[in-house]
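Below you'll find the structure I mean.
All chains are identified by letter, namely A, B, C, D and E, in their written order; residue positions are counted from 1 within each chain.
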Amino acid sequence: MNKLKEKAKELLSSGAVQVVVGYEEGTGGKIRPAFVSRPEDADKLLYNADCHHNLALYLYKHETKRIGKMAVVAPPFVLRSILILTTEFQLEEDSLVVLGVTPEEELIEFANFKEIETWVNQHPIGMKEKDREMLNRLNAMSRDERWQFWQNEFSKCIKCFACRGTCPMCSCFRCTVDYNAPQWISVGSHQLGNFDWHLMRAMHLAGRCSVCGQCGEACPMDIPVHLLSFQINEDIFKMFGSRAGLTLKKESLLSTWKSNDVENFIR
Amino acid sequence: MKIGFYPGCSVDGGSREYKESCRALAKAYGIELESVPDWNCCGASAAHNLNRELALALPARILSLAEKAGMTDLLVPCAACYNRLMLTQHELMKDETLRKNISEVTGLEFKGTCSILNVVHWIQKWILPELPEKIKKPFDYKVACYYGCLLVRPHKVLKFDRPEDPQSLDEVMKLIGATPVDWAFKTECCGAGLSVSKTDVVADLSGKIVRDAVYRQADALIVACPMCHSNLDMRRREINGYLKQNVSLPVIYVTQAIGLALGIDRKELGLHRHFVPVNLPEKAEATK
Amino acid sequence: MARIGVFVCHCGENISATVDCDRVAENASGLPGVVHSVDYKYMCSDPGQTLIKEAIKEHKLTGVVVAACSPRMHEPTFRKACAEAGLNPFLCEMANVREHCSWVHEKTESTTQKAKDVVRLLVEKVKRNEALQPIKVPVTKKAVVIGGGVAGIQASLDIANGGHQVLLVEREPSIGGHMSQLSETFPTLDCSQCILTPRMVEVAQHPNITLWSYSEVIGLDGFIGNFTVKIRKKAKSIDEHLCTGCGLCTQKCPVRKIPSEFEQGLGTRPAIYTPFPQAVPNKPVIDKLNCTYYLKGRCKLCERVCPTQAIRFDQPDEIVEVQAGAIVLATGYDIKRTDFFPEYGYGKYKDVIDGLQFERLASASGPTGGMIRRPSDGQIPKNIVFVACAGSRDPAKGIEYCSKICCMYTAKHAMLYKHKVHDGTPYVFYMDIRAAGKDYDEFTRRAIEVDRTKYIRGRVSRIYEKEGKLVVVGADTLLGGQKVEIEADMVVLATASVANPGSEELAQIVHVSYDRYKFFAEAHPKLKPVETNTAGIFLAGACQAPKDIPESVSAASGAAAKVLGLFANDELTREPLVAVVNRMAPPLFSTCIGCFLCQPVCPYNAIEREEFKTRDGKLLKAVARINPGLCQGCGTCVALCRSKSIDLYGYSNKQIYTEVSALLDEALV
Amino acid sequence: MKLIKKEDLPGLYGYLASAGKKIFAPVRKNGMVSFSFTSAFEEIEMSYIQTKLSAKAAAFPKIEKLMKYTIQKEGQSYEPYDVEKFPGIVVWGAHPCDAAAFHPLNAVFTWETHDKYFTRRMENLLIIGLSCTSHDEFCFCTSVGVHPGDTKGSDIQLTPLPGGDYLAEIITTKGEAVAAAVPALFSPAPGLNKEELVTSVEKRFDHEALHAKINGMFDHPVWKEQALRCIGCGACTYVCPICSCFDIQDEGGIFGGLRYRCWDSCGFGHFTIHTSGHNPRESQDTRWRQRLMHKFSYQPQRQEVFGCVGCGRCSRNCPVDMNISEHLTQIMAV
Amino acid sequence: MDQFEPKIVAFVCNWCTYAGADLTGTSRLKYAHNVRIIRFPCTGRIDFLLLQQAFAKGADGIIVSGCHPNDCHYTSGNFHARRRWMVFRQMLENMGVEAERIVFSWVSAAEGAKWADLVNETVESIKKLGPYHKYQDMAKSLEEWEVTHE
């Protein structure tokens, strides 16, 4: 932890970066993203297991980019997100200093993105027990029960798009739901509109999700939307043997194919 | 450190020196070889010719037991056992129905989580890393590494070494100071199970192997399979008859060769159990 | 406001027998936006078409739906009719009420209902159609042929004889390729160089052909009709205009022991060299890696002896950009070499050689003057074993295909050997004899029956050396798998034909796809064998798959015909059904964020990166742009794009969304 | 000042329900308390600090259907929804902040044009307020001129007594009508100081001073600094009892459909985008500034109301802890 | 009550399945009338949102069909589509949607009979499943929306 603060101070005072994107203590015991531009403010940076925000979100926003070169405090899911965003041309290696933090709260520095690629491949991210249990519960349900489960959950949705706003992979300027020629997805938060929205979002994240779970964390209505992505991520691993955010190769799951992709449902 | 161990019938019987040398090596490295509890026959070499289900069920039971005992690495020194276990894992992992059926037969769940190691694998993974600093007495001999058939084939399943001209044993031998000879019989047939039923065929096939090794001026034949060993060693009288000469070329397990380089006692390595006495020239004894 | 005309065809009774056409027309007339709706016996007849044309004028139609047969049948007909009446042809759609309706259902209410639904669907679609203009692309009538083997030579000559400029680019100092290395050719046993060299000379002298040897393509931009090819002309270290090709320098060069590439390492060459006597161009190059001057900074013997002072040690590589309308890839093949066959001792035993080496041994101009002598000691081998399918058709070796030429050349080798070593015994181990071709089977029979080659059907398991002999161990499967051991003096492996090294790299440079063996991929295995998926790039010869000489030449002529067909027009006209990425005012420029996930999706490499920069060159945004010259309109990128920034003319998001709505908004049945 | 015993609350509920009112009250389910339409008194949670969503949906629901339309050959036709059919709604147990929020909300919907959907719902609305006996660190009503015992906006105001009974203040004629209909439920109140019953919320700044200051801060760098972590979602606006922005959408097929309005948020990047692609609020700080300026500068200037009642919902629900009172305190300090 | 006649929308590519369905017609093979074909250049063009839309608009079943692997007119559109469907189908399954109501198929331009069989089999299987009320009820959510639903 002290190492992180020192490193941030060093980067800021040497002028190597203009801003360090990290975590700080917020109000009401919450943790929140922090933007530290002065070395003396670096002391407020912290990192622990409760830091759930996916800071990769800020790395390509023009609001943060205009401050200058960035350093980012990057737990494993942020590292994966950085790789995904790099393969999607949203991040450039030389515009960013990555301060990796391990689940053991240790600082790791990466000389380049290639090293991040190596590291994330050696350090799989485990799913939280709570999420694993929920997935097991969902899998144990009958299909109709699953339908009912999600219908109930989606009925809470107010279409505030916090799930979208907090997700680094939702990097589109204009989301499909904002497209109105035609209006594929209803804007209003009625049942169909909510269902279409969450299905569409999960599909657009399939093979691109770093499995940080932040969409579920962000939902003010406590809808576990992240489970949709978690589950399909597991399914994708079963079907294709791949997970997102482990490679710098520019090949996203749904933008590539193999002639021997195995399915059993096409007649 | 505990590693799973499947002895199989050979190394528990006729090839005790193979087991002994494995254990001796393991001991030198602080590794405990833990036998699969209640293990059974792997089905080699006849089951797969007679009954597919049986040929799969036997190894499947072994693997299931190993999984149940929490073994992740499973050392299988006998090449025939290794082959059967690997083939079974391969077959079961690609066919869910078959997996289910076989599980019903064995009454045990099969997950396929066990990593099956042949002796060379094991050496590469567990022994090589600290080998150079442990060598007391370089094994400075010309050796003919004999791989046989079961260690490297079928390549599609085993994915070990290159099947036509394997190199892994040669590489291990180089590391302990030996000079592998370039010879033509690395993967030729030794006669295998005909050892019992048709000794004349074994004499012919194994004889050619021994003859070429002698011709290439090898000091020893290095093997990693008890069946190869018994054909080349135990059937030496018949081989000599076929070759019409007395050949004293010893046949040594790779584990024994490494053991000698590590300075392990000959008896602990079971070298006294061979039919062809292992009398290597003195030069190596003197060198350090 | 839309003014749609609906024209329901009876197709004689083909439609009207099961569909109530007048009710379909009547129903359509009630749809919003439909101002005219009629049915008629034969819409595609002249009077039928006139009906449409007049209605377009009279009712000022903005869209036409013809409910008739499949659009795959008559869409061009009706679109043309519309165009003749002044309506943009892309504002005409067809509702398929024959193949998809009247012919597949009995006469029931449901069948008429289906016709009504399909008409409604297309009325709603056509309301959202846009008037599109065909895409016109100018054509630069110059071809670049990459590779100067027999295929490249043939393609160049055919295009040049068709009256167009050709630039032939060859990597080696001379054109000629593998064919120039061959001794004789099957099935006629005529001398390879005798038939090839006149063609090589023709290339050199053809007024329409520019030959750049010792040159490589290093970049390609643009699209069909409009390529820019970037070529590196490697420094030959001589002034080609001054050099007369007298050869004095090559005789005097003190470095003489360099293994000759042309002789497959069986002969040597100096550091300044022409690969072989009949080389075209017949002017030497200096091999910088082996030249004493380049290595040690002194020597320059060649410079001193050159009568025309043509040596240029300081010559740099030159990078040139060339405009071209079409590219022909003719980069040929290679064969597998050492370490691929450890069990055959290839690379370990000097007398185990490959087919190309045998060609050089058998060649009158080769290192042995055409005598079959084994490389190790120059002895004439008395027992010689030829191993066919060395690596080919062998999944364990990763090559599952048949190399195609080996059966024939192995038979040829056996014959050539027997013709030169009368008391020798040639053996051939083979899997199958594949001799399908004109006079081919007769040829292999001759090798067996006349020249008494011992053909053994089986594979060789191992070759090892013992007491000066190569012991070939194999099996004779026709004798019940009996083991065969032959003590040979020399072994010739017909090693697998493989893609040329560098083919993958070249494929990436010119953006063509390749198969899993790195051979270039044709656009369609049957119907487009010389086209690639990149329009304007064609394939000739063995760069696509192993081919023998006649096939390579045929493919080359085929590719040339495609190029000539392309060059027959000054402009290319293409259907405008292409994808497009939206554009808008700065600072957005587009809703595209430039993730470029669409790029790998496009089979035609039509998706480019467009960068918007400030005046001082700072990058503001990079977004996708679709090259309308390359896009074929499959729409895969459109479906993939998350921000819906790509749309497809003719099948736009609005159109297809509306089609689904239009279908389901009213009860189907 | 009257007293209503806790065992009489179901009676009040029963009377309102039997009068055909739909009762919108705090209900605890799935671990959160939210305003929901109830069918029995037992569903109601009377002791809560703050609900997830505000009570504004009673008059400004997340979806308000405006009209049906049909497209026919002859042309298009419209059929507006009949506001006369809107049911009477009772907001039961709204804290003073929520009750007070209907006033600024009303100011928007009746400013120059009277929105018939909103005004009709307001006319039909009865608000039973509930004074606060507890609060949390996100509450800052006192800083924006609201008090935990305020009765503004309520028709009847309940204040919990330690024993479980409630003080009942009848505020408006609507409230009086209810009390008159069920007189037996109300008894005279004992002499109590209401101030001592309600919680005390610390005042962090003065809203009038804030108004005076923020008016001149349009170009201040503080917006950029504060908005850095804002993710541009609509959580704060949707939970806000006063945010009133909406979008109008048509949904349907080729032969017709319906038009509705639904909540929208000034936090979205697309909120102000023009067809050309030009966006006058191009970055998140300008959107954040809009949110605060609207509430504390423009609304007081134009409608003489503040756009904030200090309920703290936006701060509680923000995924990145954009705490409004913290930010406003900071603005007062710069 | 009348027998249930399912509404089925077919999304097909122009080059293989559309042509295959043409062949069904020219061969005069008869099949159930419940299906309506929408033509696409390629299966790669078929956005999964269209499938969502079709169900929302009241389709009881959907057919998606294109060229067999390796036969795509555009080389790889169907391979892309196949991956998309693999993931989409699983996603629907995860969300409790009756994924078997979407029938995926490869029908070539030569498989007129296969098209007829495909339609008939699909109609039969959808008849067995009945109308997709669950989805259709959800789709009516706006129409039936009342403030008091909240």
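Keep this in mind: a contact is a pair of C-beta atoms (placed from the backbone, for glycine too) under 8 Å apart; a residue touches a chain by one contact, two chains touch by 3 or more.
Only a predicted model underlies this, so the values are computations on that prediction, with no experimental measurement involved.
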Touching both chain B and chain D (chains): C
Chain groups still in contact once chain C is set aside, others held in place: A, D, E | B
Centroid-based (C-alpha) most distant chain relative to chain D: B
Chain pair with more C-beta contacts, B-C versus A-C: A-C
Central chain (distance from its CA mean to the mean of all protein CA atoms): A
Cα-centroid distance, chain C relative to chain D, in whole angstrom: 68
CA centroid of chain B to CA centroid of chain E, Å: 57
Computed distance of Cα centres, chain D from chain A, in Å: 33
Chain D and chain E, separation of their C-alpha mean positions in angstrom: 45
Set of chain A residues in contact with two or more other chains: 173-174, 176, 184, 186, 188, 190, 254-256
Contacts with two or more other chains, residues of chain B listed in rising order: none
Chain E residues counted as touching two or more neighbouring chains: 48, 53, 57, 76, 80, 84, 142, 145
Pairs of chains, among all present, that meet the touch criterion: A-C, A-D, A-E, B-C, C-D, C-E, D-E
Chain C - residues contacting chain E, complex: 70-73, 96, 98-101, 103-106, 108, 110-111, 113-114, 117-118, 121, 513, 523, 533, 577, 601, 603-604, 632-636, 638-640, 648, 650-651, 653, 656-657, 659-661, 663-665, 667-669
Touching residues (chain side chain B, partner chain C) in the complex: 155-156, 162-165, 182-184, 188, 212, 215
Of chain D, residues touching chain C in the complex: 71-73, 253-255, 276-279, 282
Residue ranges of chain D in contact with chain A within the complex: 30-32, 52-53, 62-63, 136-138, 224, 227-229, 231-235, 237-239, 247, 249, 251, 260, 262-263, 265, 268-270, 283-285, 315-317, 319-321, 323, 326
Of chain A, residues touching chain C in the complex: 88-90, 171-176, 179, 181-182, 184, 204, 250-252, 254-256
